[in-house]
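By written order: A, B, C and D. Residues from 1 in each chain.
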Amino acid sequence: MSDRSAQAQWERYTQRPLLALAVAFAIAYAVPIVDNPASPVLAVVCTATEWAVWAAFAVDYLIRLALSPRRREFVRTHWIDLGAVVLPLLQPLRLLRMVSTLLLVGRRARMASQIRLTTYVAGAVVGLLMFGSLAVLSVERDSPNGNIRTLGDAVWWSFTTMTTVGYGDHAPTTGLGRMIAVGLMLSGIALLGVVTANIAAWFIARFEKDDVEERRQTEAIASLAEEVRLLRTEVARLVDEREQQRS
Amino acid sequence: MSDRSAQAQWERYTQRPLLALAVAFAIAYAVPIVDNPASPVLAVVCTATEWAVWAAFAVDYLIRLALSPRRREFVRTHWIDLGAVVLPLLQPLRLLRMVSTLLLVGRRARMASQIRLTTYVAGAVVGLLMFGSLAVLSVERDSPNGNIRTLGDAVWWSFTTMTTVGYGDHAPTTGLGRMIAVGLMLSGIALLGVVTANIAAWFIARFEKDDVEERRQTEAIASLAEEVRLLRTEVARLVDEREQQRS
Amino acid sequence: MSDRSAQAQWERYTQRPLLALAVAFAIAYAVPIVDNPASPVLAVVCTATEWAVWAAFAVDYLIRLALSPRRREFVRTHWIDLGAVVLPLLQPLRLLRMVSTLLLVGRRARMASQIRLTTYVAGAVVGLLMFGSLAVLSVERDSPNGNIRTLGDAVWWSFTTMTTVGYGDHAPTTGLGRMIAVGLMLSGIALLGVVTANIAAWFIARFEKDDVEERRQTEAIASLAEEVRLLRTEVARLVDEREQQRS
Amino acid sequence: MSDRSAQAQWERYTQRPLLALAVAFAIAYAVPIVDNPASPVLAVVCTATEWAVWAAFAVDYLIRLALSPRRREFVRTHWIDLGAVVLPLLQPLRLLRMVSTLLLVGRRARMASQIRLTTYVAGAVVGLLMFGSLAVLSVERDSPNGNIRTLGDAVWWSFTTMTTVGYGDHAPTTGLGRMIAVGLMLSGIALLGVVTANIAAWFIARFEKDDVEERRQTEAIASLAEEVRLLRTEVARLVDEREQQRS
């Protein structure tokens, strides 16, 4: 078995365990925000879980690098993975760790060919909504002028933002909260684009069937083939006659 | 007549009566919400009508199942119909009954091939707007902080939500009201997608006519056919000369 | 000259005068709303102008009907024109008269083949924005809870509605004002669809150029033509040799 | 070297310096708005920088005109450049100078074939967001009812406007501020269109691969080519036999 297939095999076998770890991370991320103020024991368990999941993804990156036949190329083409692993170390922000994990899970999920684009987009949207709600809640809850103080308000705000409805009954007031909001808005625009494009592609595929020009071309090629067949028959007759002449 | 066509015939004949029943259901659903507080007699009549329509759809499902040649396959491919019939029984919520009826009518309407996609989408949008307005009104009217208290406000709010305008002069404040709102927002995004895709498909169909590459291909095929025709003339002359030689 | 071309000629010659009349109508519609309370003389002049323009469109409809070779078909295919002419008579609402004129101008403009789709859409958007602003201003100005009281606010509100931004700093509060708003929102969605579709069609037209399959087809046809050309040369040599043999 | 390539060479060489000047202009435009009230010295330096950049673009226009082989045609096809150069002279508004520079940089960037459409659109969006934030801040800060008073609020407002979310927690109240807002909204709609179109074009390009009609055409051409090849073989045999006959 070659090194290349060893890497692919590793990626196939670790797909599901890493997805399960990401779910564990999400729970460990969500619990201290929702259950606020959290009991000290729970806070320690959650922080430990987050770091353990981060470590698992770091180890996964190193093993994939080790199994890769061309390590220099692997680092170059997987610089997002490297950044997602290294960044939470440099600046141990809770926020960045969540984004890193989302990125790493997303990149591993895209590798799996059995996961369709629609599933991938739906998963990304759900992940972004959950992350956006929790992150904004943790940031805005302590702001003096903030108006997003419960999980319900945060989830509701995420939906109105991502669908670009924007009632304005709840809106972030801090700089960090607004950065998260901008991320959700841009994701919302991309979501709208994917939905529209999907429907449009399906519509156009149905329209194409009636394409007049192409059908005329097919007919032209068919009549041309008929012409050539007739020609061959005549040449064959010429050849036959010559054979008869000879004999 | 085979069993299969018996099922199709039943579906064709019951199409219109079931649509009429759905309209009756919508009226029975709307009246107690709009005419609030309702007189006890009216409330009883409306509840009875709702259950009668539900029963009619349940009977329709059973008859279609009985007429189906492959019952196991029918249950598998019509699991949404089954769920829409069974769910209001398990949890007799007014809300779920409305969604179930919308689903059942929608699935029966889609079967009718004479109903075009545009009509189907327009019908779904009108149905969703009506349902969204009534459901939010019934939920938000009794909320202490609610600001959707009349039918006019509810319809207006539904439009601003579904078009993703979202002024925010009226917005749901309860959890149930916000869930309905999220449903309307997602429908609004899908609506936007369908409208855009429809226009785009029409535009592209017009653009395609001017496709340069394809026209060049058609020309290439035409000149090739001319070439082959000339060739056949020459071969025919060869054959003629041989005939003359022979005679 | 046939009756049919007489109708076409009339439509070509009256295109510009009717557009000028529509501008006059728009001014006569706008002046009493903007200059409020209006002087009695001005109000009379404006009302007279509005009715004169309506009469001109009514006469235009009758002349086109008279010039049409198949009058029954003309009435059937131009029922929107007939409705737009008759409706303001039945219910002499200022609002309906404006919508009627917009419809009539739009239908006449679409007939002119020299006007491109983009120009048509841009014109419709500007017309709708102007009409929406003026109509909402006239309706909301006298509402006790209204917050659209100046022309500036009305135009600003129209833009935020049509682009589906919807800040909510200004929003209609009356039933009639909200109906106009719904019209603007739906136009906004259509506008978004046209813009997106236009850009998408242009993108796809550029992508198509690089279509691999088609290029391979073009190459296949070219090599096939080369093959046939070689074949013709050989057959021509056959014919030449025979000529030499004969001589 | 011809005059035409002299112009192209000038445009290639001045591409980067002009982009650097545009960045200098943006900084000179931003500093007095952000650092308000500005020190007199800084204000003078910034104004001087703005005029120097304007002069550089004016000189660039004149040189390109001088190098152009057909000057009349150059003026006709580059009337936007001319307007962008002349307008700030006639009406020395700070606002117009910014728009002019954006236009000039945009037109020069579009000429460079190495800059892709996506980069161009991303650049335009960032430029518009920056310009919109600064312009609205400078206009709304001094308005008595204004609610956009810090750079953070202005940037946040620009994002909510361009993505058509429109919370309404911040909105311009002056006429000039609202004009800038309308520009941002329309850019937002165009942005949404470009994003959707990009995704749709990519989707459709993937769908096209499975186009049944085209694959059937390719097969038809292949079988036709096979037919012609067989024909050529037979004709070649005819020719060979004749050669043998002759010898």
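Methods note: a contact is a pair of C-beta atoms (placed from the backbone, for glycine too) under 8 Å apart; a residue touches a chain by one contact, two chains touch by 3 or more.
Quick caveat, the model's predicted, so the values are computed rather than measured.
Chemist: Taking A-D as the reference interface, which entry in A-B, A-C or B-D shares over half of its contact pairs by residue number?
Modeler: Most of the A-D contacts reappear at A-B.
Chemist: Compared with chain B, which chain's mean CA position is the farthest off?
Modeler: D
Chemist: Using CA atom averages as chain centres, what separation in Å is found between chain A and chain C?
Modeler: Computed from C-alpha means, the inter-chain centre distance equals 40 Å.
Chemist: Round to the nearest whole Å and give the separation of the Cα centres of chain B and chain C.
Modeler: 28
Chemist: Got the chain C residues that touch at least 2 other chains?
Modeler: 164-168, 192, 196, 198, 200, 204, 211, 214, 217, 221, 224, 228, 231, 235, 238
Chemist: Can you list the residues on chain B that touch chain D in the complex?
Modeler: My answer: residues 164-168, 196, 200.
Chemist: Considering the complex alone, what residue numbers of chain A touch chain D?
Modeler: Against chain D, the touching part of chain A is residues 161, 164-168, 171, 175, 178, 181-182, 185-186, 188-190, 192-194, 196-198, 200-201, 204-205, 208-209, 211, 214-215, 217-218, 221-222, 224-225, 228-229, 231-232, 235-236, 238-239, 242.
Chemist: Spell out the part of chain D that touches chain A in their complex, as residue ranges.
Modeler: 152, 156, 159-160, 163-169, 191-192, 195-196, 198-200, 202-204, 207, 211, 213-214, 216-217, 220-221, 223-224, 227-228, 230-231, 234-235, 237-238, 241
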